[in-house]
Amino acid sequence: MNEMTEPFRAEQRVLYGDTDSMGVAYYANYLRWFEIGRTELFRRVGSTYRRLEEQGCFLPVYEAYCRYHNPARYDDIIRIETTFSFAGKARLRFDYVLLHKDNGAVLAEGYTVHVCTDKDGKVLKPPVELKQLLKEMEEMARSEGSKK
Amino acid sequence: MNEMTEPFRAEQRVLYGDTDSMGVAYYANYLRWFEIGRTELFRRVGSTYRRLEEQGCFLPVYEAYCRYHNPARYDDIIRIETTFSFAGKARLRFDYVLLHKDNGAVLAEGYTVHVCTDKDGKVLKPPVELKQLLKEMEEMARSEGSKK
Amino acid sequence: MNEMTEPFRAEQRVLYGDTDSMGVAYYANYLRWFEIGRTELFRRVGSTYRRLEEQGCFLPVYEAYCRYHNPARYDDIIRIETTFSFAGKARLRFDYVLLHKDNGAVLAEGYTVHVCTDKDGKVLKPPVELKQLLKEMEEMARSEGSKK
Amino acid sequence: MNEMTEPFRAEQRVLYGDTDSMGVAYYANYLRWFEIGRTELFRRVGSTYRRLEEQGCFLPVYEAYCRYHNPARYDDIIRIETTFSFAGKARLRFDYVLLHKDNGAVLAEGYTVHVCTDKDGKVLKPPVELKQLLKEMEEMARSEGSKK
């Protein structure tokens, strides 16, 4: 199976600058929090998206979706849970759940699909490094699952 | 039929601050351009979203989706085409196509679904004003279509 | 004299995404509007900042200042008036006044100072093209002033 | 003396969405990091800006200044050091130094000046709570200084 069963967690506090005049976080900013989720997922297994780029592998966004459940408010801490899976040969999919850290309420759910490309936007098969990376993510997820 | 057949157009230039280090517009900013699209749609029929809010009707976002086709770059002018339809009793749906103004390339397509609520987030049926507004939009669209 | 006496004007509407939960535009977004001001100033004399970059001349920001007079609110149209001057051999200074289009109230005043650099951040004297450009700006300003 | 001698520290990682096509953090985003600095300063002494607002005390920005020394890049961790002082009867001033966490390079320095107002923007003297809060900040700073 390709999908991770255990999500990784990151946290981010809602800035004043993230809110809008409805008094809640502006809807586009959830996509920034999605970015934090997938970035920290890479870091967790000892790599970074920055290093991937240095090796010539870019992951531009192909699709993004968000379903807004409950508003995030100024100064709330958002917990970002991220899982990933392959979505075809050259595509990666990340799934996100955003939770209110203090009361556990689901704030939003969504996903992004990314294509592997070189610097000029030409589609590539994911490089061996990326496949290896994803394997490590799965193993880490599995070993975390078995600890329970 | 509930859906508009003729989209409304708005334009926005890509700022330096909209781009990211991949040299293209950051993916979250497309949702800002979607906002411009639906805002100008309201204005076009002689109303504004601001006035709706002053009358106690809010339209928080329930869902957002974007499919990225071609990158938008710094200083490009983006043409935003917006259509709308009802998506259930208390829900409005806006569909967007973002085009590169100069060469006509489709940059992105997407939609947002909104709920009608009062100031405290309680779901409301769309007020008569909103229904009237949407009727005017459809009529304007129809008359534009017939001019062709 | 190096300073322009006639400002150039650009306009931008305040998005929902520009506001914060105080119900007014978030303070960092004024710097985005400053960017619009200087960008349109270049375009006005038949050049663009994009073209400057293509010729290897970059203008990273060295200093930015803003004094906030009156809040900008959702859906307001902001008029951005921009003037420029040299601020030393390799430095350009832009001064901005942001006005509420409908009632003329001054919303903010500020400036940015920029350094001329090559692609790698090495400081350069402004290229001949830039000096020529600035001369054109001054002439345009002068001829506009004399029309009054 | 009114000024704090020991700064408070907060950290924030640079997102892809914070960068621009020059490959570095966009200049307006430094003002977001300033916000993080002053927010965490309040929290450090057991209060929050959110609570201040709930008590009817708002601190809109009156002035903001930033001097950019070195570019912040994608995935860098920024250390935000914040000090504060009174700047007149109803004004607060925060001073910020942004450092590159790993190599200690100064990225930017700046300040913001804020006015105390009620919900409707009417200028107020800082409430007793705020003065008490600032006293606690000074004491904490002093005791930290004496530990050295």
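Points worth noting:
Each chain carries a letter (A, B, C and D) given by its place in the written order, and its residues are counted from 1.
The criterion applied here is as follows: a residue touches a chain if its C-beta (ideal position, glycine included) is under 8 Å from a C-beta of that chain, and two chains touch if they have at least 3 such contacts.
Just so it is clear, the model here is predicted, and its values are computed rather than measured.
Relative to subunit C, the chain whose mean Cα position lies farthest away is A.
When the interfaces B-C and A-B are ranked by how many C-beta pairs touch across them, A-B comes first.
Taking each chain's centre as the mean of its C-alpha atoms, subunit A lies 36 Å from subunit C. Inter-chain centre distance (subunit A to subunit B, centres taken as mean C-alpha positions): 26 Å. Residue numbers of subunit B whose C-beta contacts span two or more other chains: 16-17, 22, 24, 28, 31-32, 35, 74.
If touching chains are joined by edges, the resulting network of the protein chains shown connects every chain directly with every other. Within the complex formed with subunit D, the residues of subunit C that make contact are 22, 24, 27-29, 31-32, 35, 58, 60-68, 71, 112, 121.
Subunit D meets subunit B in the complex at residues 16-17, 19-24, 26, 28, 73-74. Across the interface of their complex, subunit D is touched by residues 13, 15-17, 31-32, 35-36, 39, 48-50, 74-75 of subunit A.
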